[in-house]
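We call the chains A, B, C and D, going by the order they appear; numbering starts again at 1 in every chain.
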(Lines give C-alpha, C1' and ligand atoms only; values in the text may rest on other atoms or scores of the structure.)
Protein backbone atom coordinates (compact mmCIF):
# COMPACT_ATOMS: atom_id res chain seq x y z
CA UNK A 1 0.00 0.00 0.00
CA UNK A 2 1.22 3.47 -0.82
CA UNK A 3 1.97 5.85 2.00
CA UNK A 4 -0.02 9.04 1.80
CA UNK A 5 1.81 12.32 2.27
CA UNK A 6 1.02 13.37 5.81
CA UNK A 7 -0.63 16.70 6.28
CA UNK A 8 0.52 18.04 9.61
CA UNK A 9 -1.83 19.90 11.96
CA UNK A 10 -1.50 23.70 11.63
CA UNK A 11 0.11 24.31 15.03
CA UNK A 12 2.68 21.59 14.35
CA UNK A 13 3.57 23.01 10.94
CA UNK A 14 3.92 26.41 12.61
CA UNK A 15 6.31 24.96 15.17
CA UNK A 16 8.41 23.35 12.42
CA UNK A 17 8.51 26.56 10.36
CA UNK A 18 9.53 28.63 13.38
CA UNK A 19 12.37 26.26 14.26
CA UNK A 20 13.73 25.80 10.73
CA UNK A 21 13.59 29.53 10.03
CA UNK A 22 15.67 30.19 13.15
CA UNK A 23 18.08 27.40 12.30
CA UNK A 24 18.63 28.93 8.85
CA UNK A 25 19.48 32.21 10.54
CA UNK A 26 21.91 30.34 12.80
CA UNK A 27 23.57 28.75 9.75
CA UNK A 28 24.13 32.25 8.37
CA UNK A 29 25.56 33.43 11.70
CA UNK A 30 27.99 30.49 11.78
CA UNK A 31 29.17 31.27 8.24
CA UNK A 32 29.62 34.91 9.31
CA UNK A 33 31.72 33.75 12.25
CA UNK A 34 34.04 31.81 9.94
CA UNK A 35 34.58 34.92 7.83
CA UNK A 36 35.24 37.08 10.93
CA UNK A 37 37.92 34.70 12.16
CA UNK A 38 39.55 34.38 8.74
CA UNK A 39 39.66 38.14 8.30
CA UNK A 40 40.96 39.08 11.75
CA UNK A 41 41.47 36.42 14.36
CA UNK A 42 42.86 38.97 16.81
CA UNK A 43 39.51 40.66 17.07
CA UNK A 44 38.77 38.34 20.02
CA UNK A 45 36.08 40.28 21.88
CA UNK A 46 33.94 40.82 18.76
CA UNK A 47 34.26 37.14 17.89
CA UNK A 48 33.21 36.16 21.43
CA UNK A 49 30.21 38.50 21.17
CA UNK A 50 29.15 36.84 17.93
CA UNK A 51 29.56 33.35 19.43
CA UNK A 52 27.33 34.52 22.29
CA UNK A 53 24.63 35.56 19.81
CA UNK A 54 24.68 32.12 18.22
CA UNK A 55 24.29 30.46 21.65
CA UNK A 56 21.38 32.82 22.32
CA UNK A 57 19.68 32.00 19.00
CA UNK A 58 20.20 28.29 19.56
CA UNK A 59 18.77 28.60 23.05
CA UNK A 60 15.61 30.11 21.59
CA UNK A 61 15.19 27.02 19.38
CA UNK A 62 15.81 24.85 22.44
CA UNK A 63 13.10 26.70 24.36
CA UNK A 64 10.64 26.20 21.52
CA UNK A 65 11.36 22.45 21.49
CA UNK A 66 11.19 22.24 25.31
CA UNK A 67 7.75 23.91 25.21
CA UNK A 68 6.60 21.32 22.68
CA UNK A 69 8.02 18.56 24.86
CA UNK A 70 6.14 19.82 27.91
CA UNK A 71 2.96 20.37 25.93
CA UNK A 72 2.79 16.92 24.37
CA UNK A 73 5.08 14.27 25.78
CA UNK A 74 5.13 15.46 29.39
CA UNK A 75 1.49 16.45 29.57
CA UNK A 76 0.34 13.04 28.38
CA UNK A 77 2.54 11.44 30.97
CA UNK A 78 1.30 13.64 33.81
CA UNK A 79 -2.33 13.04 32.84
CA UNK A 80 -1.67 9.31 32.89
CA UNK A 81 -0.81 9.73 36.55
CA UNK A 82 2.28 7.54 36.42
CA UNK A 83 4.72 8.36 39.20
CA UNK A 84 7.95 7.76 37.25
CA UNK A 85 7.04 10.62 34.99
CA UNK A 86 8.50 13.24 37.33
CA UNK A 87 11.89 11.56 37.31
CA UNK A 88 11.91 11.62 33.52
CA UNK A 89 10.61 15.18 33.43
CA UNK A 90 13.23 16.36 35.93
CA UNK A 91 15.92 14.51 33.99
CA UNK A 92 15.00 16.18 30.70
CA UNK A 93 14.61 19.63 32.23
CA UNK A 94 17.89 19.59 34.16
CA UNK A 95 19.77 18.10 31.22
CA UNK A 96 18.59 20.47 28.52
CA UNK A 97 17.58 23.77 30.07
CA UNK A 98 20.49 26.19 29.69
CA UNK B 1 49.52 51.14 -3.70
CA UNK B 2 48.59 47.51 -3.81
CA UNK B 3 48.15 45.67 -0.54
CA UNK B 4 50.28 42.58 -0.27
CA UNK B 5 48.62 39.38 0.86
CA UNK B 6 49.57 38.96 4.49
CA UNK B 7 51.27 35.77 5.50
CA UNK B 8 50.14 34.92 8.99
CA UNK B 9 52.45 33.40 11.62
CA UNK B 10 52.12 29.60 11.83
CA UNK B 11 50.42 29.46 15.26
CA UNK B 12 47.87 32.05 14.17
CA UNK B 13 47.07 30.15 10.97
CA UNK B 14 46.70 27.01 13.09
CA UNK B 15 44.23 28.81 15.38
CA UNK B 16 42.20 30.01 12.37
CA UNK B 17 42.14 26.54 10.78
CA UNK B 18 41.06 24.91 14.05
CA UNK B 19 38.19 27.38 14.51
CA UNK B 20 36.93 27.32 10.93
CA UNK B 21 37.07 23.52 10.76
CA UNK B 22 34.92 23.32 13.89
CA UNK B 23 32.53 25.96 12.59
CA UNK B 24 32.06 23.95 9.37
CA UNK B 25 31.17 20.93 11.49
CA UNK B 26 28.68 23.10 13.40
CA UNK B 27 27.09 24.24 10.12
CA UNK B 28 26.57 20.58 9.23
CA UNK B 29 25.04 19.89 12.66
CA UNK B 30 22.62 22.79 12.26
CA UNK B 31 21.52 21.51 8.84
CA UNK B 32 21.04 18.06 10.40
CA UNK B 33 18.87 19.64 13.09
CA UNK B 34 16.61 21.21 10.47
CA UNK B 35 16.12 17.83 8.81
CA UNK B 36 15.39 16.15 12.16
CA UNK B 37 12.68 18.68 12.99
CA UNK B 38 11.14 18.51 9.51
CA UNK B 39 11.02 14.72 9.61
CA UNK B 40 9.65 14.28 13.12
CA UNK B 41 9.08 17.29 15.30
CA UNK B 42 7.65 15.09 18.07
CA UNK B 43 10.98 13.47 18.63
CA UNK B 44 11.64 16.19 21.22
CA UNK B 45 14.27 14.53 23.42
CA UNK B 46 16.49 13.56 20.47
CA UNK B 47 16.20 17.09 19.09
CA UNK B 48 17.15 18.55 22.47
CA UNK B 49 20.16 16.21 22.62
CA UNK B 50 21.31 17.39 19.21
CA UNK B 51 20.86 21.05 20.19
CA UNK B 52 23.01 20.30 23.24
CA UNK B 53 25.77 18.92 21.00
CA UNK B 54 25.77 22.10 18.93
CA UNK B 55 26.08 24.23 22.11
CA UNK B 56 28.98 22.00 23.18
CA UNK B 57 30.76 22.33 19.82
CA UNK B 58 30.23 26.09 19.83
CA UNK B 59 31.57 26.28 23.37
CA UNK B 60 34.78 24.59 22.22
CA UNK B 61 35.25 27.33 19.60
CA UNK B 62 34.55 29.93 22.31
CA UNK B 63 37.21 28.38 24.55
CA UNK B 64 39.75 28.46 21.72
CA UNK B 65 39.03 32.17 21.15
CA UNK B 66 39.10 32.93 24.91
CA UNK B 67 42.53 31.27 25.14
CA UNK B 68 43.76 33.48 22.29
CA UNK B 69 42.28 36.52 24.02
CA UNK B 70 44.10 35.71 27.27
CA UNK B 71 47.33 34.89 25.46
CA UNK B 72 47.54 38.07 23.44
CA UNK B 73 45.24 40.91 24.39
CA UNK B 74 45.09 40.25 28.13
CA UNK B 75 48.72 39.30 28.55
CA UNK B 76 49.94 42.49 26.91
CA UNK B 77 47.69 44.47 29.18
CA UNK B 78 48.80 42.69 32.34
CA UNK B 79 52.47 43.12 31.41
CA UNK B 80 51.85 46.84 30.90
CA UNK B 81 50.85 46.96 34.56
CA UNK B 82 47.76 49.10 34.02
CA UNK B 83 45.23 48.67 36.80
CA UNK B 84 42.05 48.99 34.72
CA UNK B 85 42.98 45.83 32.91
CA UNK B 86 41.47 43.60 35.58
CA UNK B 87 38.08 45.24 35.24
CA UNK B 88 38.18 44.62 31.50
CA UNK B 89 39.45 41.08 31.96
CA UNK B 90 36.76 40.29 34.54
CA UNK B 91 34.12 41.82 32.27
CA UNK B 92 35.14 39.68 29.28
CA UNK B 93 35.48 36.50 31.31
CA UNK B 94 32.14 36.82 33.11
CA UNK B 95 30.34 37.84 29.94
CA UNK B 96 31.63 35.12 27.65
CA UNK B 97 32.60 32.09 29.67
CA UNK B 98 29.71 29.61 29.55
CA UNK C 1 -11.53 29.77 67.73
CA UNK C 2 -8.19 28.22 68.42
CA UNK C 3 -6.12 27.08 65.45
CA UNK C 4 -5.12 23.45 65.68
CA UNK C 5 -1.51 22.58 65.01
CA UNK C 6 -1.43 21.21 61.49
CA UNK C 7 -0.09 17.74 60.99
CA UNK C 8 1.54 17.59 57.59
CA UNK C 9 1.24 14.56 55.33
CA UNK C 10 4.26 12.21 55.58
CA UNK C 11 5.70 12.94 52.13
CA UNK C 12 5.50 16.68 52.76
CA UNK C 13 7.25 16.39 56.12
CA UNK C 14 9.90 14.28 54.41
CA UNK C 15 10.42 16.99 51.79
CA UNK C 16 10.75 19.65 54.50
CA UNK C 17 13.23 17.57 56.50
CA UNK C 18 15.34 16.84 53.43
CA UNK C 19 15.53 20.52 52.49
CA UNK C 20 16.22 21.88 55.98
CA UNK C 21 18.89 19.23 56.63
CA UNK C 22 20.67 20.25 53.45
CA UNK C 23 20.31 23.92 54.27
CA UNK C 24 21.92 23.35 57.69
CA UNK C 25 24.84 21.68 55.91
CA UNK C 26 25.07 24.70 53.62
CA UNK C 27 25.14 27.06 56.63
CA UNK C 28 28.11 25.09 57.94
CA UNK C 29 29.85 25.27 54.55
CA UNK C 30 29.37 29.05 54.44
CA UNK C 31 30.87 29.43 57.92
CA UNK C 32 33.78 27.25 56.79
CA UNK C 33 34.28 29.54 53.81
CA UNK C 34 34.52 32.58 56.07
CA UNK C 35 37.23 30.88 58.12
CA UNK C 36 39.15 29.84 54.98
CA UNK C 37 39.19 33.41 53.69
CA UNK C 38 40.18 34.87 57.07
CA UNK C 39 43.03 32.39 57.45
CA UNK C 40 44.50 32.63 53.96
CA UNK C 41 42.82 34.79 51.37
CA UNK C 42 45.55 34.00 48.85
CA UNK C 43 44.49 30.40 48.68
CA UNK C 44 42.20 31.41 45.80
CA UNK C 45 41.73 28.10 43.99
CA UNK C 46 40.76 26.21 47.16
CA UNK C 47 38.31 28.98 48.06
CA UNK C 48 36.77 28.84 44.57
CA UNK C 49 36.44 25.05 44.89
CA UNK C 50 34.61 25.45 48.19
CA UNK C 51 32.29 28.12 46.71
CA UNK C 52 31.54 25.66 43.91
CA UNK C 53 30.53 23.01 46.46
CA UNK C 54 28.11 25.43 48.09
CA UNK C 55 26.53 26.22 44.68
CA UNK C 56 26.23 22.47 44.08
CA UNK C 57 24.58 21.84 47.46
CA UNK C 58 22.20 24.76 46.93
CA UNK C 59 21.36 23.44 43.47
CA UNK C 60 20.33 20.14 45.02
CA UNK C 61 17.86 21.98 47.27
CA UNK C 62 16.60 23.87 44.22
CA UNK C 63 16.04 20.59 42.36
CA UNK C 64 14.09 19.18 45.30
CA UNK C 65 11.85 22.28 45.34
CA UNK C 66 11.47 22.23 41.52
CA UNK C 67 10.34 18.59 41.71
CA UNK C 68 7.73 19.57 44.31
CA UNK C 69 6.63 22.46 42.11
CA UNK C 70 6.17 20.17 39.12
CA UNK C 71 4.45 17.50 41.19
CA UNK C 72 1.89 19.74 42.80
CA UNK C 73 1.46 23.21 41.38
CA UNK C 74 2.25 22.40 37.75
CA UNK C 75 0.49 19.05 37.67
CA UNK C 76 -2.76 20.55 38.94
CA UNK C 77 -2.52 23.22 36.30
CA UNK C 78 -1.83 20.78 33.47
CA UNK C 79 -4.71 18.54 34.55
CA UNK C 80 -7.02 21.55 34.52
CA UNK C 81 -6.21 21.87 30.83
CA UNK C 82 -5.67 25.60 30.90
CA UNK C 83 -3.50 26.81 28.06
CA UNK C 84 -1.68 29.61 29.90
CA UNK C 85 -0.13 27.05 32.16
CA UNK C 86 2.70 26.28 29.73
CA UNK C 87 3.78 29.91 29.66
CA UNK C 88 3.95 29.92 33.45
CA UNK C 89 5.69 26.55 33.52
CA UNK C 90 8.25 27.61 30.90
CA UNK C 91 8.81 30.87 32.79
CA UNK C 92 9.50 29.09 36.09
CA UNK C 93 11.70 26.42 34.52
CA UNK C 94 13.85 28.83 32.51
CA UNK C 95 14.15 31.24 35.40
CA UNK C 96 15.14 28.79 38.11
CA UNK C 97 16.81 25.77 36.55
CA UNK C 98 20.57 26.24 36.83
CA UNK D 1 60.23 31.52 68.73
CA UNK D 2 56.90 33.17 69.03
CA UNK D 3 54.94 33.89 65.86
CA UNK D 4 54.03 37.51 65.49
CA UNK D 5 50.47 38.37 64.57
CA UNK D 6 50.51 39.20 60.88
CA UNK D 7 49.30 42.58 59.83
CA UNK D 8 47.79 42.25 56.40
CA UNK D 9 48.17 44.92 53.72
CA UNK D 10 45.17 47.26 53.55
CA UNK D 11 43.80 46.07 50.21
CA UNK D 12 44.00 42.46 51.37
CA UNK D 13 42.15 43.22 54.62
CA UNK D 14 39.55 45.06 52.54
CA UNK D 15 39.11 41.98 50.34
CA UNK D 16 38.70 39.74 53.40
CA UNK D 17 36.17 42.09 55.01
CA UNK D 18 34.13 42.35 51.81
CA UNK D 19 33.97 38.57 51.41
CA UNK D 20 33.19 37.75 55.04
CA UNK D 21 30.51 40.46 55.24
CA UNK D 22 28.81 38.98 52.19
CA UNK D 23 29.15 35.46 53.54
CA UNK D 24 27.45 36.54 56.79
CA UNK D 25 24.57 37.91 54.72
CA UNK D 26 24.40 34.58 52.87
CA UNK D 27 24.24 32.70 56.19
CA UNK D 28 21.23 34.84 57.13
CA UNK D 29 19.59 34.16 53.75
CA UNK D 30 20.07 30.40 54.20
CA UNK D 31 18.47 30.52 57.67
CA UNK D 32 15.60 32.51 56.16
CA UNK D 33 15.18 29.81 53.53
CA UNK D 34 14.87 27.12 56.21
CA UNK D 35 12.11 29.10 57.92
CA UNK D 36 10.28 29.68 54.60
CA UNK D 37 10.26 25.96 53.84
CA UNK D 38 9.19 24.99 57.37
CA UNK D 39 6.34 27.50 57.32
CA UNK D 40 4.95 26.75 53.86
CA UNK D 41 6.73 24.25 51.64
CA UNK D 42 4.05 24.66 48.97
CA UNK D 43 5.14 28.19 48.30
CA UNK D 44 7.48 26.76 45.65
CA UNK D 45 8.00 29.78 43.40
CA UNK D 46 8.90 32.11 46.28
CA UNK D 47 11.31 29.52 47.64
CA UNK D 48 12.94 29.16 44.20
CA UNK D 49 13.28 32.95 43.99
CA UNK D 50 15.03 33.03 47.35
CA UNK D 51 17.36 30.17 46.35
CA UNK D 52 18.20 32.22 43.24
CA UNK D 53 19.15 35.21 45.39
CA UNK D 54 21.52 33.06 47.43
CA UNK D 55 23.19 31.78 44.24
CA UNK D 56 23.52 35.39 43.11
CA UNK D 57 25.08 36.52 46.39
CA UNK D 58 27.45 33.57 46.36
CA UNK D 59 28.41 34.35 42.78
CA UNK D 60 29.39 37.87 43.85
CA UNK D 61 31.79 36.38 46.42
CA UNK D 62 33.13 34.06 43.71
CA UNK D 63 33.75 37.02 41.41
CA UNK D 64 35.63 38.85 44.16
CA UNK D 65 37.85 35.80 44.70
CA UNK D 66 38.35 35.30 40.95
CA UNK D 67 39.48 38.91 40.63
CA UNK D 68 42.01 38.34 43.41
CA UNK D 69 43.17 35.16 41.69
CA UNK D 70 43.72 36.99 38.41
CA UNK D 71 45.37 39.93 40.11
CA UNK D 72 47.91 37.96 42.10
CA UNK D 73 48.37 34.31 41.21
CA UNK D 74 47.68 34.59 37.49
CA UNK D 75 49.45 37.89 36.97
CA UNK D 76 52.66 36.61 38.54
CA UNK D 77 52.51 33.57 36.32
CA UNK D 78 51.89 35.58 33.14
CA UNK D 79 54.74 37.94 33.97
CA UNK D 80 57.04 34.97 34.45
CA UNK D 81 56.34 34.13 30.84
CA UNK D 82 55.78 30.44 31.42
CA UNK D 83 53.69 28.87 28.70
CA UNK D 84 51.79 26.34 30.84
CA UNK D 85 50.18 29.19 32.69
CA UNK D 86 47.43 29.59 30.09
CA UNK D 87 46.35 26.00 30.51
CA UNK D 88 46.07 26.53 34.26
CA UNK D 89 44.34 29.87 33.80
CA UNK D 90 41.84 28.43 31.31
CA UNK D 91 41.23 25.48 33.63
CA UNK D 92 40.44 27.70 36.61
CA UNK D 93 38.29 30.12 34.62
CA UNK D 94 36.20 27.44 32.90
CA UNK D 95 35.81 25.47 36.11
CA UNK D 96 34.74 28.29 38.40
CA UNK D 97 33.14 31.05 36.38
CA UNK D 98 29.35 30.64 36.57
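By definition in this document, contacts are C-beta pairs under 8 Å (C-beta built on N, C-alpha and C of every residue); 3 or more make two chains touch, one makes a residue touch a chain.
Just so you know, these numbers come straight off a predicted model, no measurement behind them.
K.L.:
Which chain's centre, taken as the mean of its Cα atoms, is farthest from the centre of chain B?
P.N.:
The chain lying farthest from chain B is C.
K.L.:
Over half of the residue-numbered contact pairs in common: that is the test. Which of A-C, C-D or B-D passes it against A-B?
P.N.:
Over half of the A-B contact pairs recur in C-D.
K.L.:
Nearest whole angstrom, what separates the Cα centre of chain A from the Cα centre of chain D?
P.N.:
34
K.L.:
For chain C and chain D, let me know how many angstrom lie between their CA-based centres, rounded off.
P.N.:
Computed from C-alpha means, the inter-chain centre distance equals 20 Å.
K.L.:
What is the distance in Å between the mean C-alpha positions of chain B and chain D?
P.N.:
Roughly 27 Å, centre to centre.
K.L.:
If a residue has to touch 2 or more other chains to count, which residues of chain D qualify?
P.N.:
66
K.L.:
Specify the contact topology among the chains shown, as one of line, ring, star, complete or other.
P.N.:
Ring.
K.L.:
Can you name the residues of chain D that touch chain C in the complex?
P.N.:
12, 15-16, 19-20, 23-24, 26-27, 30-31, 33-34, 37-38, 41-42, 44-45, 47-49, 51-52, 54-55, 58-59, 61-62, 65-66, 68-69, 72-73, 92, 95-96, 98
K.L.:
Please give the residue numbers of chain C that touch chain A in the complex, ascending.
P.N.:
63, 66-67, 70-71, 74-75, 78-79, 86, 89-90, 93-94, 97
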